[in-house]
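Common to both upcoming complexes is chain A, partnered first by chain B, then by chain C.
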Partner chain A sequence: MNKYINLYLLEYSINSLLRQKYKNIFITTILTFLIFILSSMFFITSSIKNELQFSVESLPEITVQKLISGKHYDIEVDRVNEILSITGVNDATARVWGYYYFVNAGVNFTLVGIEQFEKQYKDSLQNLVDSSKGFDESNAYIGQGVKEIMRKNYFKEYFNFILPDGSLKKINIGGTFKSDTNLESNDVIVLSKENMRSIYGMSEEYATDIVVKVANPDEVATVAAKIKLLYPDTRVITKNDLKVSYQNIFDYKSGVFLALFIVSLFTFFIIVFDKASGLSSSERKEIGVLKAIGWSLDDVLKEKFYEGALISVFAYLLGVFLALGFVYGFGAPLLRDIFSGYSELKTAFELPFVLDVQTMVLVFFLSVPIYIASIIIPSWRVASMDADEVMR
Partner chain B sequence: MIEFKNINKSYKLGKNNTVAALKDININIKEGSVVVLKGSSGSGKSSILSLVSAISKPTSGEVIVDNKQISKLSDRFASEYRLNNIGIVFQKYNLVEDISVEQNVILPLIPKNLDSDLVESKVDTALDMFGIKHYKNSTVKNLSGGEQQRVAIARAYINEPKIIIADEPTANLDEKLSLDFIEIIKDLKKQNKTVIIATHDPLFFNLDIVDKYIEMKNGSII
Partner chain C sequence: MILSPEILTIYILNFLFFVFGLIALNLSVKIYLKYDKNSSEPIQYTLERQSYLASTIIKYIFIVKVPLFLFFIFTLDKLSNVLSGAMCGAGVLDATDYGTMLITLKVLNIYLFALWLVLNTEDVKHENQPYIKIKFALFIVLFALFLSEILIESYTFYNFEIDKLVSCCGTLYSSTSDSIVSNIFAIDNKILVSIFYANFALITFAYVFKSKYMYAISNLLFIVVSIVSLIMFFGTYIYELPSHHCPFCYLQSDYYYVGYLLYALLFMGTFNGIMVLFKDDLFKLSLISNLLFVILVSGYVVVYFLKNGVFL
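== the complex of A and B ==
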C-alpha cells in the first residue's frame, strides 16, 4: 500500500482522461501553447534584461559629445587633457567609433577604434589588447555576429572597407572579439584608431566622443556639470541617463509583450471559466455513482486533482521545455525581433541562456493551480450534494 | 437489523413545489433476509433504497442499521458506511463503459488504497463467483446486458457488504437472464447477506427465497 499516492486512483484518473481523449488532447494542446508563449516571452525578456544590465554596467560614467545646433559633430581630441585636469576625473579617453553599413548583407556593424598602448575604457577591449595573441593594429577583430555575416559573404580572412573617396581598404581579420555580453560584442568590429580614421575620413585631431571615468560615483553629476560648464557646445551624458534611456526602450518593447501576455492569459481564463462553470450530465452522474458506491467527497476531489494535475503539469513541463528549445535552441524567431530588432539593420545575436527560476515559478502558478482549481471547484459543488440528488 | 421509524421523505421540484416520496414509513428487516419492495414506478421503492444506503437523508424520522442511526451521518461517515456495508446494483448498472471489467469492479476498493495483491485476489474471487472471470480484461461496453449486470453485482459484492440492494435489477433483462439473477440472489442469501430488491417484475412475486414483501403505493406501505 502506498500511503502517499493511491495508484488505483491515479489509474482511474488516467482512464477518465482517456475516455475523453480528443477533448483532453485539445485542452492540453491549448494549455501547452499558452504556457509556451508565456515562457518564451519571459525567457527572452530575462535574457535581454540580463544583457542590458551587463551592457549598462560596462558603460563609462560620462560620455561627452560635441553638438552644434543639436547635431552631433566630431570632438577635438585635445579636450581630453582639459577634462583630465578637472578634480575627480580618473581617466578620459577620446573614442573613435561609428556604424558601418554593409550593403551586401543589409546590416550595420559597429566599428570601434582603439590604440594598443592606450588604457582601454572597457574591460572587454583591454582583454583583447592583453590577450596572448595581442592586438595587431593592422588587423580587424570581429564579433560573432559579424563573423557569421562575413562568412556568408565570403570574407573569411579579410574585409574590404569602402573609404569616403570610394576606394577600398583591405583589412585582415585577426580574430574574434568577445565581451561579457553577446548584445555588446556581437555586431562589433575592433580596429586601430588609424584605420578607423581612414575609413571615416576623420583627421587625427578629432574623435567621435570622449568618455570619462570618475573615481567617486557620487561625484559623477558634479563632474558632468563642470564639463558642461567648460564646454557649452557639448552634450554630457551620464551612465544614469543611459540607463534610463535603455530602460525606456525596454519598457516600450515590453508593452508589446504585455499585450501578448494579456491575450495568452485571457485565452487561458476562458478555458478555466469554461471548465469551472459546470460539469456535463454524464460527469455529474459519474460523481453520483462513485459516491453511491462508497467514495467520499475527498476521494472524488483527489481523483479530480489527479486529472487536473496530469494535464496541467504535463502541459507546463512540455510548454516550458518547448520554450527553452525555441528561445535558446532556435533563437526565438519572430518573437525576439520585437525586443532586439532594429529590423534587419542589426546583426543577429544569440540570446544568452539565463535560467530564471522566478519566471518558471511564476508561469507555474499562473497555470497549474488555476487549472486544477477549475477542475476541482465544479466537482466539489456536485460531490458535496447527496448522491441521490446528483444521479436524478 | 434495518429499521425505519416514521420516515417521511419529500423532494423539492422547483422553488415552491414539493413532492412527498415516502409517507410515515415503518419497516423492520432482519439480517440475512431477502426483501422485495413491490410497486409501480413512483411508488417510493427507490427512495427506500436511497435511505438504506444513506445516499439521501429522510425529511423526518430515523433509519437505524445495526443499532446505529445512519440518517444523520455526515457526508464523510455516510461514505464510509456505504463503503463497508452496502453494495448497490443500479437499474441501468451505472458502469463505466469505456474501461475494463476489472477496473469497474475495483472501484469500491479504490478509496481503501489496499495492497495490489489483495485487490487482485478480491477481484478474482468476485469475478469467479459471478462467472465473469474470463471477461476480466474486456471493455464493459462490449458485454451483453446480462454480463454487464453480473459486473455490476461483482462491483456491489467486492467489499463483501452485509447489505446488497438492487433497483429494478431485471428491468433490462430477458426471462432467462432474470432467472439467472434470481440464482445469484439465492447464493447471496446463503452467505447471509441482506438483500433488498425494488422491482415490479412478477418473477419475484412468488419466490421461496423471499422473506418479506413490502408493497408500496404513492409513498406508503399498503
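== the complex of A and C ==
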C-alpha cells in the first residue's frame, strides 16, 4: 500500500490544509452542502420508489380496463367469466372503485368497493374483511388521512355522500382502514360494492375494471395477450408495465432535478477554480521554499492532489452521512414536499430505510471527480512557478 | 430518450472529459511539433512544464474513466428493466445501431489509456524522456478515439426508445445464423477449448523463458481467445444452461457479479502481459492474474462435472 500512498506527503498535505484553515473550511462547507442536497434528494426518491414497488408487488398481475374513444369506461362484469376460462388464470375480480371529490375540504378521496364473501385481490383488504370486528356492508372504513379531514368537517360518526341526482346518502363510519404502507391507505374509503354503485350511479352489470391473478409469472405476458385478443376494446396493463412506469417517473423526476443542479455544480467548479488560483503571499513563499529544497513540479502537483482528494472525500463522506441522518432520521422535512404533491390530503408517508449503494456511487461521481477537475489547472500553475520568482 | 440520473451523470462527466481532453490535445500537438530536447530556448522550458499539465489531465481522465466504465455497465443493467425485451446489458446495447461498437471502443480506450500511463511512468523515470514525443502522438490518436466514444455514447443514450422492443441476449448470442456471433459458432467447442488452454500454455512457456515479444503477442491473442471461449464454452457452465451464451448476464447479481471479477482478472493479466514490452517487472503480476482467470473459469466446469457427472 505504501508503494502508492506516500504517508509523509499525506501528513504534509493535512498540515498544509490546516494552515489555510478558513479558505478550506469555506470550500469544504459548500461541497458538503451540495453533496448533502443531492444525496438527500436521491435517497428520498429511492425510498419512495421502493415503497411504491412494494405496493405494486401486492397487486394482481394484470389489470383490464375498457376503452371507448381512448377514454376509460366501465367494463361489463360478465367478462370476468370469460377471462376466468383462459388457461393459467387463477382468479379474476371485477373491481368497483373511483374518486369522490369532497367539496368542503377540496380533496379527492379514493373509494374502494368490496364484497364481504369474495376473495379480495389485496392483502390489506382481506385483512379488513377477516378482522375480528368483521366487515359490515353498510359501513364505511376510512384511512387515517380521511379520518382527520372528516373530523375537521364534523363528520365523526357518519358521512353524507352526494349522489349523482343530488340526494344525500348517509353512511356510518365503521372504523379505520390500515395497510402496510401509508401511501396506499391514507386517502382510501372502503365501502361495499352495493353502496359504491349507488354513489356512482353505476348499474349492477358494470364495474370499473377487472383484475386478474396469474400464478406463474412466466405466463403473464401470454395471458395478457390472450385477454387483449378476446376483448380488443380493452387496455391490458401488467404489473411489470406499472413497475417500469414507476421507474421512469422517478428517473424523470430526479433527472430533472439533476439537470437543474448542473448549474450549481458548474458554479461550484468556478468558485473552486478561482479560490485555488488566488494564492496568499505565505502560500507563494511555501511553494518557493519547497522548490528551493528540491521538490520537483511533479511532487508539488502530487501534494496538491492529496489535498484535493482529502477535501473532496471528506466532504463526500460527511455530506452522505448528513443526508442519511436527514432523510431517515428526521424524515426529510421540506425536501419531501417536492414529491408529496400539493393536494390538501397529502399522504403522510414514512420513508423506509433503503441503503442505496448505487445512489452513493452516483453522488460520488458527481462530486469528487468534479472537484478534482477544478483544481487541476490552478494546481499546475502553482506547481510550475519558479523558486526565485516566488521568493523574490 | 431517457432522462435518468445515471445517464445525466455520464453526460456531465463526458463533457468534463471533453473540455479537459481538448486542453490536453492542444498541448500535445504543440509539444509533438515543437519539442526538441537538445534546444535550450525558453519555449522548450515552457513546453516541458506544459507536458506536466497534459499528463496530469490524461491521468485524471483515466483514473475516473475506469470506475465510470463499471458504472456504465451497471447503468446498462439497470436500463434493461426499462426497455421492453432486454434482460441484461446486451439487449440495451442492441437498442441502437452502434451499441456493439460503443462497448468495443470503450474497452479499447481503456487499454490504450493504460498503455499511455505506463509509457508516461517509464518516460518520466529517465532524465532525457525517451518517449515524450511518442506518448503525445499516442494521445492525439487516443483523443480521436475517445471523442468518437463520447459521441457514440451520447448518440446511443439519446436514441433509446422506451417503447421499442429490443432483443434479449438469448437471441443475440444464439447459434442461429442471424445472431452477431454466428461466425464463431462455426468453431467446434473442443477445438476452441484446446486453443484456449494451448494459448495459456504458450503464455506460461514465454514466462519461463522470459521472452518479451512472445509473451506480449500471446497475451494479445489471449484477449480474443478468452472472450470467445467465455461466450461459447465457459459461460454456459456459469449459467449451467447449454443454450445461454451471453457475455453480460454474469455481471448481474444472480451470478454474484462474478463477471466483474472475470473481466478484471482478464484485463490485469493481458494488459500487464502486453506492457512487459516496456517494463520487465510486470511478468509475475500478469501471469498470476491470467492463472487466476483460467482457474476460475475451469473451476466452473469442474464443479459442474462433479455435481452432475456429465458435461453440458
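Quick notes on this structure:
The rule is simple: the second predicted complex is superposed on the first by the 214 of 392 C-alpha atoms of A that agree within 3 Å, B and C clash if a C-alpha of one lies under 4 Å from a C-alpha of the other, contacts with A are read in each partner's own complex, and residues count from 1 in each chain.
As a convention for this text, a residue touches a chain if its C-beta (ideal position, glycine included) is under 8 Å from a C-beta of that chain, and two chains touch if they have at least 3 such contacts.
Here the structure is a predicted model, which is why all the values come from computation and not from measurement.
Of the two partner chains placed around the shared chain by superposition, chain B is the only one that A:294 touches, whereas chain C remains out of contact. Within the superposed three-chain model, A:157 lies out of touch with both chain B and chain C [touch as defined at top]. Within the superposed three-chain model, A:384 lies in touch with chain B and with chain C [touch as defined at top].
Residue contacts after overlaying the shared chain place A:57 against neither chain B nor chain C. Looking at the shared chain after the overlay, A:376 reaches chain C, while chain B stays out of its contact range. In the superposition on chain A, A:130 contacts neither chain B nor chain C. With the contact threshold set out at the top, residues 297-298, 384 of chain A are in contact with chain B in one structure and with chain C in the other. On the chain A side of its complex with chain B, the touching residues are 1-3, 6-9, 11-12, 15, 18-19, 285-286, 289-299, 384, 386-389, 391. Interface residues of chain B, counted against chain A in their complex, comprise 50, 53, 55-57, 75-76, 79-80, 82-84, 86, 88, 90, 94, 96, 98-99, 103, 106-111, 113-116, 119, 155-156, 159. Of all the residues in chain A, the ones that touch chain C in their complex are 42, 243-244, 247-248, 251-252, 254-256, 258-259, 262, 265, 297-298, 301, 358, 361-362, 365-366, 369-370, 372-373, 376-377, 380, 383-384. The touching residues of chain C, when paired with chain A in their complex, are 2-9, 12-13, 16, 20, 23, 49, 52-53, 56-57, 60, 64, 67-68, 71, 74, 78, 81-82, 84, 124, 162.
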